[in-house]
Amino acid sequence: MSVEVTTEVVRAVEAILLVAQEPVPTDLIAQLVEVPSASIEEVCVRLAESYEAAGHGFQIAKVAGGWRFQTHPDLAPYVERFILDGQRARLSGAALETLAIIAYKQPISRLQIASIRGVDPDAVMRTLHGRGYIAPVGRDNGPGQAVLWGTTQLFLEKLGLASLADMPPIASFVPDASLVEALEKTLRIEADPSAAVAEQSEEPEAQ
Amino acid sequence: MSVEVTTEVVRAVEAILLVAQEPVPTDLIAQLVEVPSASIEEVCVRLAESYEAAGHGFQIAKVAGGWRFQTHPDLAPYVERFILDGQRARLSGAALETLAIIAYKQPISRLQIASIRGVDPDAVMRTLHGRGYIAPVGRDNGPGQAVLWGTTQLFLEKLGLASLADMPPIASFVPDASLVEALEKTLRIEADPSAAVAEQSEEPEAQ
Amino acid sequence: MAIEVATPVYEGPFDLLLHLIMREEVDIHEISLSTIVDAYLTELSKMQELDLEIATEFLLIAATLIELKARRLLPGKENVDLDEELALWEERDLLLARLLECKTFKDVAKILATFVDDADRVYARTSGTDERFEDVMPDLLEGMTLEKLQTGFIRAITPRPRDEVNLFHVSPIRFTVAEAVEELMDELPRMGNSSFRAITQGLVERLEVVVRFLALLEMYKQGWIEIDQADRFGDITVQWTGIGPGHSGPLEIDTYEG
């Protein structure tokens, strides 16, 4: 190993890879734990070997230029059974939030979504796009000409909606009105005032 | 262990938890790998112990009724560097007190919470509802049919608790005797004669 | 740039009262109700001074405290009405119970905060399956409902709670005791002899009545007026003495200090 690597570095690599949504490039890990890339590459290779030797049900592998945790190929039947089991939620909380923002605020750019959620929606958007629930619907007129996203016909079909106008209105109990207003302004998107009024009468207990 | 558990079962449990997006109930794992729940519970507990003993950067833990992979608390600084959102949903004192009341008294109405806290909990509750920590769980049978509130799975996740049963018993929080005595004494209607004299001498203008 | 005033902010009347009593707890035999009541009223005036909004509840608790204090100052037992005495006991027990409950949940909240701190240091894996399982993946939107989507949106745009204490859950007080004293200082000399009913005539809100009541007690304490209640539930007569301390301009903030 080019540089002495501490146990802490190895553990940090494990932790980072565990929460990653996509393969993490060696260079990025190196930067995060402040150790040369060559050492990180070696840490990952060794971890992969040790997991295999210990007979774990997971492995770490280099995929698309980065490292990630994945299930051992042997165990695919169990993973498939788990995926097919109807009991679990299909869409993660983050994915649901992102999809909801796009549904309610379309057309909307990736940057605007990020500013609402406060996190990078890239991975989630790729999944949603891959599944055909969202699609690019145009470009912003601003200087950056950002791609604007919207929901698809498939999305409407899946939710049993005839059109976007049938989306349930957003409750007036959304907390800080001024903050929402500030966001709206930043995003240059017009809110639908009639929706808020309709909701108020439906939520007497929110008073 | 109640039933002989094969290496394959242990590996399958690891694989299933690795691809899960939220805590997986023991029963569901048991069903997928066709082994009694009690054995699965034991497998998970043992895995958790062995990860800790091996000094891995990840752990498995029982949270909100199920098992999940998570990072080791020691490595929070690295993970936070990687996950750029960094924004923790910090809870104010008022929010925590309101959550405590709801957690122990659920199902409970807004009015009941107000009477315990002495202030209108409306704004705090809207935030808690917005963050998904509390949800309406029913309606009172009384004339007003007030909405009754309870805590959610997300609340358990936020607190890192396996279930509501893991909340410390409320009895352990009963104020200690000296405080009760102090309160009782301060609010006593008939002061002992010496105290009454003391009060009077402090307040010469009171007739 | 505005000057920031560091001032304790209380989450509610029980919170404040607990704080005051516990501050005195060094020797519980030394705690004087008088001290507590005065400290409570002083905090209340500070809040008004700082133009913070104060809830009705704060004033209602103040009224109970004053009643307790007044009862304790009564010299003998001969004239005590039994019903009145029982009512006061009930009110006191209720206040005691609510204080204990408040204290219990404050302690629980502290423990919950440590749970949250611990839980905040671990991060769950949520990445799900990789592309190798794409063919097996059932429809991602299976089981999705409009309600879930709506909830998701609300969750996404809900601001993260901050550490700062906000007071917007406290209903605004439109009438302060200081203002009421001001008014009465103007009206009473002209009226000479009056009564509580006359003074509160036409007031619709209970809060306004309570505020006027507190103002009268304050003026009584200062010696500006004499008050007397002949019968239980009877009207209170208010007599202007004109012999209080000098009064000029707005009410001083320390008027509550006993």
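By letter and in written order, the chains are A, B and C; residue numbering begins at 1 in each of them.
Following the convention adopted for this analysis, a contact is a pair of C-beta atoms (placed from the backbone, for glycine too) under 8 Å apart; a residue touches a chain by one contact, two chains touch by 3 or more.
Predicted, not measured: the structure shown is a model, and the values here were computed from it.
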Chain closest to the middle, measuring from C-alpha centroids that were averaged per chain: B
Pair of chains whose C-beta contact count is the highest in the structure: B-C
Per Cα centroids, the chain farthest from chain A: C
Inter-centroid spacing, chain C versus chain A (mean Cα positions, whole Å): 44
Approximate Å spacing (C-alpha centroids) for the pair chain A, chain B: 26
Residue numbers of chain B (touch at least two other chains): 18-22, 58, 69-72, 79, 83, 87, 122-123, 127, 130
Chain C, residues touching no fewer than two other chains: 123-129, 133, 154-155, 158-160
Complex contact set, residues of chain A against chain B: 7, 10-16, 18-20, 24, 32-33, 55-58, 69-72, 74-75, 78-79, 81-83, 85, 87-89, 92-93, 118-120, 173-175, 205-207
Complex contact set, residues of chain C against chain B: 11-15, 21-22, 24-25, 28-29, 31-36, 55, 57, 61, 68-69, 71-73, 85, 88-89, 92, 95-96, 98-113, 115-116, 118-129, 133, 151, 154-155, 158-166, 168-171, 221-223, 258
Contact set on chain A toward chain C in their complex: 15, 18-22, 63, 68-71, 76, 79-80, 83-84, 86, 89-101, 103-104, 116-118, 127-128, 131, 133, 155, 158-159, 161, 167-168, 170-171, 174-176, 179-180, 183
Touching residues on chain C, where the partner in the complex is chain A: 123-130, 132-133, 136-150, 152-160
